[in-house]
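Letters A, B, C, D, E and F name the chains as they come in the text, with residue numbers starting at 1 for each one.
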Amino acid sequence: MDVSNFISQFFSPAAWSLIKSLGECFMSPTGFLIWTTLLKSALLLVIILGLVSYTVYAERRVSALIQDRLGPNRVGWQGLLQPVADAAKLLLKENFTPKSANYFYFRLASKLAMVPPVLVLGVLPFGSSLFGVPMTIASVNVGALYVLAISSISVYGIVLAGWSSNSKYPFLGGIRSSSQMISYELSLALSLIPIFMLVGSLNLNQIVQYQIVHGWMIAPFWPQGMSLDTLLHPLALLEAFRAGCSLQRVLIWIPLFISFILFFISMFAETNRLPFDLPEAEQELIGGYHTEYSSMGFALFFLGEYTAMIAGAGVITTLFLGGWSLPLVPDGSHGWFWGLVNIAVFFAKVIVILFVFIWVRWTIPRFRYDQLMKLGWYFFFELAVANIFLAALILTYVKR
Amino acid sequence: MNPLFLEYTVVLLGIILLMVEAFLPDLDKKKIALAGIAGLFFVLFLTWMPLHSLSIESAPFYTTDPLALFFKRFMIVMTIITLWMSLDFIPVIQRGIPGERPGAGVGEFFILPIFACASLMWLVSAISFIMLFVSLECMTVVLYISISYLRKDPKTLEAGTKYLILSALTTGFLVYGITWIFGITGTTSIEHLADSIALLPPQSLTPLLFGVGLVLVAFCFKIAAFPFQFWLPDVYQGAPTPITAFLSIASKAAGFVLLLRFLEQLYLIPTLGKKVFAVTTLLAMMTLLFGNLAAMAQTNMKRLLAYSSIAHTGYVLMAVASIGAALALPAIGFYLVAYLAMTSLAFIVLLIVTETSGGNEIYCFQGLHERSPLLAAAMTVAMISLAGLPLSAGFFGKFFIFQVTFQQGHYGLLGVGTISVVAGIYYYLKVIKVMYWKQPSQGSAPITLSKLTTVLISLLIAVILILGIYPTPILMSLQ
Amino acid sequence: MIVNRKKLNWVERLYLPAIIGGLAITWKHFQRSLLGKGVITMQYPEEKWDAHLPEWYRGAPTLVKDEHGREKCVSCQLCEFICPPRAITIEPMEIPEGDPWRKVEKAPRAFDIDMARCIYCGLCEEVCPEQAIFLRKDYSITGLNRNEMIHHKEKLYELGGVMTGLVFKWNEKK
Amino acid sequence: MQLTLFWIFSSLMIAFGLGVVTLRSPISCAMCLVSSFICLAAVFVTLDAFFIAIVQVLVAAGAVMVLFLFIIMLLNLQAEECRRVKLGVMLGGTVVVLSFVVLLSQALESSPQFSKPIPVLMAPSQDVSMIGMTLFHSFNLPFQIVGVLLLVATVGVVLLSRRTLR
Amino acid sequence: MTTLSHYLMASGLLFSLGLAGVMLRRNILIIFMCLEMMLSAVNLSLVAFSRYGIVNGIQNYDAQVLVFFIITVAAAEVAVGLAIIVALFRSRQTTHSEDLNAMKF
Amino acid sequence: MSPLLFLIILPLVAIVLILAGAPARVTSLLATGFNLIWSLLLFFHYDTVIGGWQYLQETRLIPQMGLNFTLGADGLSLTMLLLTTLVSFAAIWVTPKLERSPSLFYCCLLFISAGLAGAFSSLDTFFLYGFHEIALIPVFIMIGTWGSGDRQAAAWKATLYLGAGSFIVLLGIIALYLAAPSSMRSFDFRVMAELSQNEMSHPASWIYLILLVGFGTLVSLFPFHSWAPSTYASAPAPTAMLHAGVLKKFGLYGLIRLALPIFPAAVGRFSTLLLFLLICNILYIGYVTMAQRRLDWTIAYSSVMHMGTIFLGLVAFNILSLSGAALLMFGHGLSIAALFALCGALRSRTETLSYHELGGLAQLFPKASLLFGFGTMASIGLPGFTNFAGEILIFFGATATVIIDQGSLSFMIAIIAALWGVVISAIYMLRAYRAVFFGPLIKAEGWINTKDLSFYEFAPITMLLVVLLITGIFPHLILNLVNTAFR
C-alpha cells in the first residue's frame, strides 16, 4: 500500500485512477489470461526460433560427424554463431520472383508454409506450470485432433508454392509432397487412436497427466506411486512396480509400441525428411517446391520445415514419452525451479528426438516414390487399422 | 431374426463378392453375378422369416412396418433383375472400361448394385431423418459410380456428372430442410414428427413450412417431379442400361417411400397438410403433362422411357396427393410393382436390341417381330402395360390410382390424367408400330437369346399378365 | 553374367534389421568423430595439402620460358582454338627485325586466360606444339572482381617460370 | 466477445464465399473456399462446438479442398474466359437466390424463438465425449451405414480413376 | 448479443451464395465447390440450432452428430465426384457445363 | 368352372400353341371352330324358361373392393357370343395367304376373339371393359402391318379414339363404383343395377353422360365416329369383319348392360340429345355415305350409319325396341362381316375398289356377285334377313314409346329419319352393287387374279349369309333368348 501511495504522488489523480484501473484490468481473470498467454506465446516463439536455427546448425554438425567431418566451426566458438550468419545472409539476399510465376500465390505460399507448424505448438504442453500458470498456450479438449487438423492444413503452402512457381520441378515437388502428406496423415491419425482409447481424452494435458500416473506410453512397466523414499526401500519399490504392472498394461504396450513406430515413421513422411524426402529429391527435382524461392521466401520454407520437425518431436514427446514429466521430478506446483526443470525436460526430450531425426537422415537412403506411397497405403494404413482393433480387443477383454 | 440381419446379409454378400473378385481375378465374372442373384434370392426368402423387435438404439431409426418390408422385397427383386439384365451387358461393359484384361472391372459392376440394394433396404425402413440422409447418400454414391461406369463413353460420364451435380444439390436442400425441421421441432424423427409439430406454438409453423418446403424440393428431385425433372432424360440416356433401369425403378420407388412417410405425418396436421397437398396436386398435374407431352416427341428409346418415367411419377403423385383415401397406399405400392415389372422388361429388351442393332433410337426396333418374336412380344406387353391398357399390371395400377383420386375428388387431376393416358397410348404405340409395321432394316440378323434371358423375359411377361388379372397378393401385403 | 537379385526372407523384408544395422554404423562414426578420432577434415587456410599434391596435379594453366629466357609460345593459337570454355585470348605479333629469335616469326603480344572461365581441362597443354603452356599446381586463384580473374601474359609467365629440357624444334631451323 | 468473434468470422466467411462465386481463377476459388471453411470453423468455436470445428478443418479444409486443388492443378484449369453472359440465367439465378433470402428472413421474423439470447451451458463443454457417446450408442446404425458408404466410395474411386483396370 | 437468427442468417447467406454459384458458374469444379459450400452452410445452421436449443443446460448432440455425418458424406461424395470429373476431363478435355451437350432432345 | 371360360381360354391356348410353333392357320381354325360349336351348344342349352344368368362362375379377386372375376350369360350375351364365334371363325377361314408373319396375324385375330368372348361373358364391369380393350393392340398391329391405303394414319386414329373412348368409359365405371356406399361397392353390374334400383346408390346423371360419350365413341356415335370409316376401309378384311361386325357392338352392349338399367331416369332426360345425335348418324352419315366413290368406304360409312338405327332402339327403351336392337346388332354384325369379306376378296384381285375403275365384275366373278347381292339386300334390311326383323322391331318399339309415353316430337322425327335411312341405304348399296358388278367390264389387265372366289373365300361368307337368312326367317331363335334379358 505504501508503495502504491508513494508512486501515486507522481501522477495526477485522473492519471492515477486510469493506471489503477488498467492494473485491475491486467489482473482480472480475463486480462490475466490474455497477457500470460501472450507472454507464453512470445516465450515459446523465441525458444522455437532458437531451436530451429540450432537444429539447422546441429543438422550440419551431426551430419559432418557421422561422415567423419567437422562441420561449420568458424563463426563463433565451435561455429555456434553460424545460424546468425546464415540468417543474416538469407535476409540480405535479393528476393527474387520469377517472371512467369503467379506473384500473389508465390508470395503467399512461403508464408503459409510457416504458419501451421507454429500453430501446432499452441496446444503442446511444454511444461507443467510456472508461478501457477499452466505451460500450455491453449489447453483445448480436442488438442490431439487440433494437431492433426493443423498439420493437414500445412499442405497448402507446399501445393501453392509448387503451382505458383509455374515451373516443372517445383510443381512435381509440390504434388509429390502434398500427396505424400495426405497419405501419411491417415496412418498418423489412425496410429493415435489406441492412445485416445486408453486415455479417454483428446486433451494433450490429460494425456500427459495419464502418463505421469500410469507411465509413458512406450513403457510397459511402471512403478506406480514411486517417490524418492521408495527408491531406498526395495520392497516398496517392488510394490510400486507391482502396482504399475498389470496384464492389460503389458499387453496394451504392444499396440502402443506399434503406434509409436507408425507415428514416428509417418512423422518423417509428414515433415518431408529423409528417407521420405521425395519432394526435395535434389537429384531429380533440384529443390522441389522451393526451387524458385530465394532469400526470405526460401528462409520461411526452411523455417517452416524445421518448425514442423520440432512440433512433430514435441507431439511425439507429449503423446508417447510422457511430455514434460520425468520420474521423481515434481511438477511446477512445488516451486518455480521445478517448473523450469519440467520445461527443460520437455525440450531435452524434443532434442533427443530431433537428434534421431538427423541421425536417421544420414543413415537411410531415399525411397522410390511408388515405394513410399505403397508403404503408406498398403502397409501403414492397414497396420494402423489392425492396431486399433488389437488395442480395442485388449482394452475390452483383458482385465485391468 | 433381428430385422437388421436382412441388410447385414446383403452387405456381407457384397463384401464377400468383392473379396472373391479381388483375390480370384481369373474367375468368370458371370459367376459373380449368379452368386449375387442367388444370395439376393436367399435374402428375399429371409424377408418372410419372423422378425423380432429391434434393440433400443436402433428402434428410433428403423422400422419393419409392412410398407418397409414390402419395399425391401421390392428392392431385392429389382436388384436381382438388374444383375440378371447385366449378364447380357457384359460385352458392353468390357468395351466401356479401359482394362488390362477383358474381365477387368466387370465384377464390380455386379457388386455395386448389391450395396445399393442394401442402402435402399435401409432407406425404406428409415423413420429418422438422419437414417434417411445417410442411407440415401449411400445409395446415391453407388449410383454416381454406376452411372459413370463406362468411362470410355463420354455420354456416360456426362450423365454421371449431371447426376452428380444435381444429386449433390438435392442433398444440400434435403439437409437444409432437415436442419430447419430439427431446429423447430427439436427432433430428427419422422415417425413422431406430427406429434412434435402438434406441440408447437402457431407462429413456429412458418419457419417449419420453410423446412418442409426444402425437404419437398429434395424429394421432388429424387422422384423427378415437374420443375426438378430436367436432369432425368440425359442421365437415363447416358447411364448404362441396367443402371438406368435400377435408377428409374428402385431409386424412384425409394423416393416415393420417403415422400409417403413424410407426407403421412404432415397429413395429420391439417393446417400444414392443406398447403402441402395443394402443392402436391399441382406438382402431379405438371409432372403428368410435362412427362407425357415431352415423351411424344422423342425418337430415342431411352429418352422415351425417361420421359415415360416422369409421366409415371405423375401418376404415382396423383395417388400421393390423395393420401387420405383408404386404398392410396396399396395403390401406390401396386403401381410401383407394376412399374417395376414393365419398365424392367422394357429395359431388358432395349438392352438386347441396343446391343444387336448398335443404337437405342426407336428406329433400331424396326421389324423386331421378324428378328425375334419373343422380344417383340415382350416389348409389346411392356408397352401395353406402361400405356395402361387392360389386363396388364399397368392397367390395374392406373385403375387403382384413378379410383383413389376420384375418391378424394381431385377432378382437375383426373382430367389431366385422362389427357396423359391418351398421350401415353400414343407414344407407347409408336414403339409397337415400329416393331410390327416396319420391315427390319438391311443386314439386321435374327436375335438369339440366351436361356437365362429368355427365362427372365418370360417371367416378367408372366408377372405383368398375372398381376393384370390377379393383383390381390400385392395389394394385400400393403393393407 | 547375370546376377540374380537375392530372394529376401521375411525378416529381411521387414528391413528393420538392416535399418538398425545402418543406424549402428552411423552411430559408431558419430561417436568416433565426436571424440575427435578419425576426423579427416583439414582446416583449410591454416593447413594445406600442398605437400601431398601429386605430380600430375592439374592446377592453373601458365606460360613458360626456356632456359634462354625466351618465350616458347609462338602464338599459333591452337590453344585458343581448342579451349572448351574459350577462356584463352591471344593477340599475335610479328617478332621485330633484328631479334635473335626472328626465325620464329611470331610471338604473342597479349596472352589472356580468363580464370573465371577456365575449367582446368588441360587441353591447351596437350595441344601446344611448342610445349609453351603448362598446368601448374596453383589452385587458389582468387580475385575481388572479374578483371582480377583474368591472367595476363605477365602474370602467366610469372606463375609459369622456366621450363627446360623439352622439345624446342625451332633450334634446328635456319 | 462472442459477438465480436461472430461478426468478424462470419463476415469473413461470407466475403470469402462471395469470392468463390465471383472470382474467375479456379485456384482463387478453391483458396477462398478453404478460407471460408476455416472461418466457418471459427464460427463453430463461438458456438462451443470444438469438435465439429476441428473436424471441419481436418476434413473439409485439410482433405477435401486439397483434393480440389490437386484436381485443378492436374487438369491445369485456367481462369474462365469471359464467355457470353446469358442474361436469362443470370436473372433467373439472382431471382431464385433473392427469393430464397427473402423467404429465409420471413421465416426468421415470424417467430420470437430466433431472437432469444444464447443459453448458458451448465458444464464445461464435453463435446468430444458426448458426440462419441451419441455416435457409437444411439447412432450406431447410421454410423454403420456411413461405413458401408465409405467402402463403396473407395471401391468406386478406384474404379473410376485408375487409368486401366486390372 | 448474438441471437440464433444471426447465425441462421449467416448460414442462409452462405447457402444462397452457394446456390447462386451452382446456378451461375459454368465450371463444374467450381459448381462442385459451391455445393460443398452449401453443405457447410447447413452445418452452421445445425450447430446453431443445437447450441440454442439447449434444454436444462444440456445440448442436443444429435445435430452435431448429423453434422459429423454430413461432413463425412460430403467428403466421400467429393472423392467420387472428382474421380468422375477427372474421367470426364480425360475423355472430353473440358469441365465446362456448357460443353456437356452430347445428349440433346 | 363356367363353360364360358372355355370360350376365352381356347383362343389363348391356340395362341400359345402357335407361338410354340404349331401351324397357325389350322390351329386357329380348329380353335375358333370348336369355339363356334361350343357357343352353339351353349346357345341352345340355355334354359329360356328360367332365363336370367346362367353358366355362372365367380372368382373373388379383391374382396375389399368388391372386385371379382364373374362369368355368366343371359340371352343377350349368348347372342353376342354366338356372333363373336361365328364372325371369328369366318374371319379366320377367309384369311388369305399372307406374305408377312402370318402367325402374328392369326394370333391377333385370336386375341380379339378371346377378348370379345371375355367381354360378352363377364359380369364384372371391370373385366367387361378389360377384355374389350385387349382388341386395341391387335387391331393396331394388323391395320398397320397388313392394311391398305393410308393404313398408318387409320391405325393411329382408331387406336387413339378407341383408347380415349375406353378410358372415358373406365372413368365412368370408377365413378359408378364410387357412387355406392363404401361397404357395398362392387364392380358387378348386376349389383350396381340392383343398388341403384333400391336407391342405395346415387349415381349422378353426369356419369351417364360420361358413359354415353365413352361407349358412344366405341360405337361411332355421331360426333365421335370419324375413326370408324377410315379404319374399316384400310383394315385387312378379317380385321374389319371382326371389328365392324362384333367389336363395335360392344359399345352398344355396354350401354344396354350399364347405362340403361342404372340410369333409367337419365336416359329419359337426355333422350333428346341422344336422338339428335342418332338422327345425325342416320341422315348426315347417310348422305356422306352416298357421296362415297369407293366400295370399302361406302360399306364402312354404312356401318356407322346403321348404328343410328340401333341407338334408336336403345333410346326407345322398351322390350320391343331393345329386342329389335339386339337382333339388329346380330344381323348387322353378320352382314357387315360378309360385305367386308367380299370387299377384301375383291381388293386382293383388283387392288382397287374405286367405282370409276371398276364395273362389270359380275362377268368375271359370278359367285362374288351373287354373294354381294345377298349382302346388299341384308344390309338394306329386306325381309328375310335378320336386319329386317330387327329394324321392324325397333320401329315398332319406338312408335310404341311415342304412343304410350306421349313421346316427344323429336322421337317422331327420329323414327321418320330412321325410315328414311332405310331408303338412303338402299340407294347407296344398290348403286355400289351396280357400279362394281354391272355395266361394262372396264379393266381386267394388270389385275393380280381374275379367278372367281375360291372355296375358302366362298364358304365362310356363305356361312354368314346362311345364318343371316335362317335367323331372318326364324327370328324367334334369337328373340326367345334375348327377351329373357329384357324381361
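Following the convention adopted for this analysis, a contact is a pair of C-beta atoms (placed from the backbone, for glycine too) under 8 Å apart; a residue touches a chain by one contact, two chains touch by 3 or more.
Predicted model, so just to flag it, every value in this text is computed and none were measured.
The set of chains in contact with chain B as well as chain D comprises E. Setting chain B aside and leaving every other chain in place, the chains that still touch form these groups: A, C, D, E | F.
Chain centres defined as mean CA positions place B nearest to the mean of all protein CA atoms. Here A-D and B-F are compared, and the pair linked by more C-beta contacts is B-F. In terms of the distance between Cα centroids, chain A is separated most widely from F.
When every chain is reduced to the mean of its CA atoms, the largest separation from chain C belongs to F.
Once the centre of each chain is set as its mean CA position, chain D and chain E turn out to be 5 Å apart. Distance from the chain E centre to the chain F centre is 65 Å, each centre being the mean of its Cα atoms. Mean C-alpha position of chain A lies 34 Å from that of chain E. Centroids built from CA atoms put chain F at 120 Å from chain C. Contact of a single residue of chain E with at least two other chains is seen at positions 8, 15, 18-19, 32, 62, 65, 69, 73, 76-77, 80, 84-85, 87.
Looking at chain A, one finds that none of its residues touch two or more other chains. Multi-chain contact residues of chain B (touching two or more other chains): 130, 134, 137, 141, 144-145, 148, 151, 180. By the document's touch criterion, interfaces exist between A-C, A-D, B-D, B-E, B-F, D-E.
On the chain A side of its complex with chain D, the touching residues are 102, 105, 140-142, 145-146, 148-150, 152-153, 155-156, 159-160, 162-163, 171, 174-175, 178-179, 182, 185, 200-202.
The touching residues of chain E, counted against chain D in their complex, run 1-10, 12-21, 23-27, 29-30, 32-34, 36-37, 40, 43-44, 47-48, 50-52, 54, 56-59, 61-62, 64-65, 67-69, 71-80, 82-87, 89, 95, 98. Of all the residues in chain B, the ones that touch chain E in their complex are 129-130, 133-134, 137, 140-141, 144-145, 148, 151-152, 154-155, 157-162, 164-165, 168-169, 171-172, 175-176, 178-180, 182-183, 186, 188, 233-234, 237-238, 294, 297-298, 303.
Touching chain C in their complex are the following residues of chain A: 62, 64-70, 359-360, 362-364.
Within the complex, the chain D residues that touch chain A are 27, 31, 34, 38, 50-51, 54-55, 57-58, 61-63, 66, 69-70, 73-74, 125-129.
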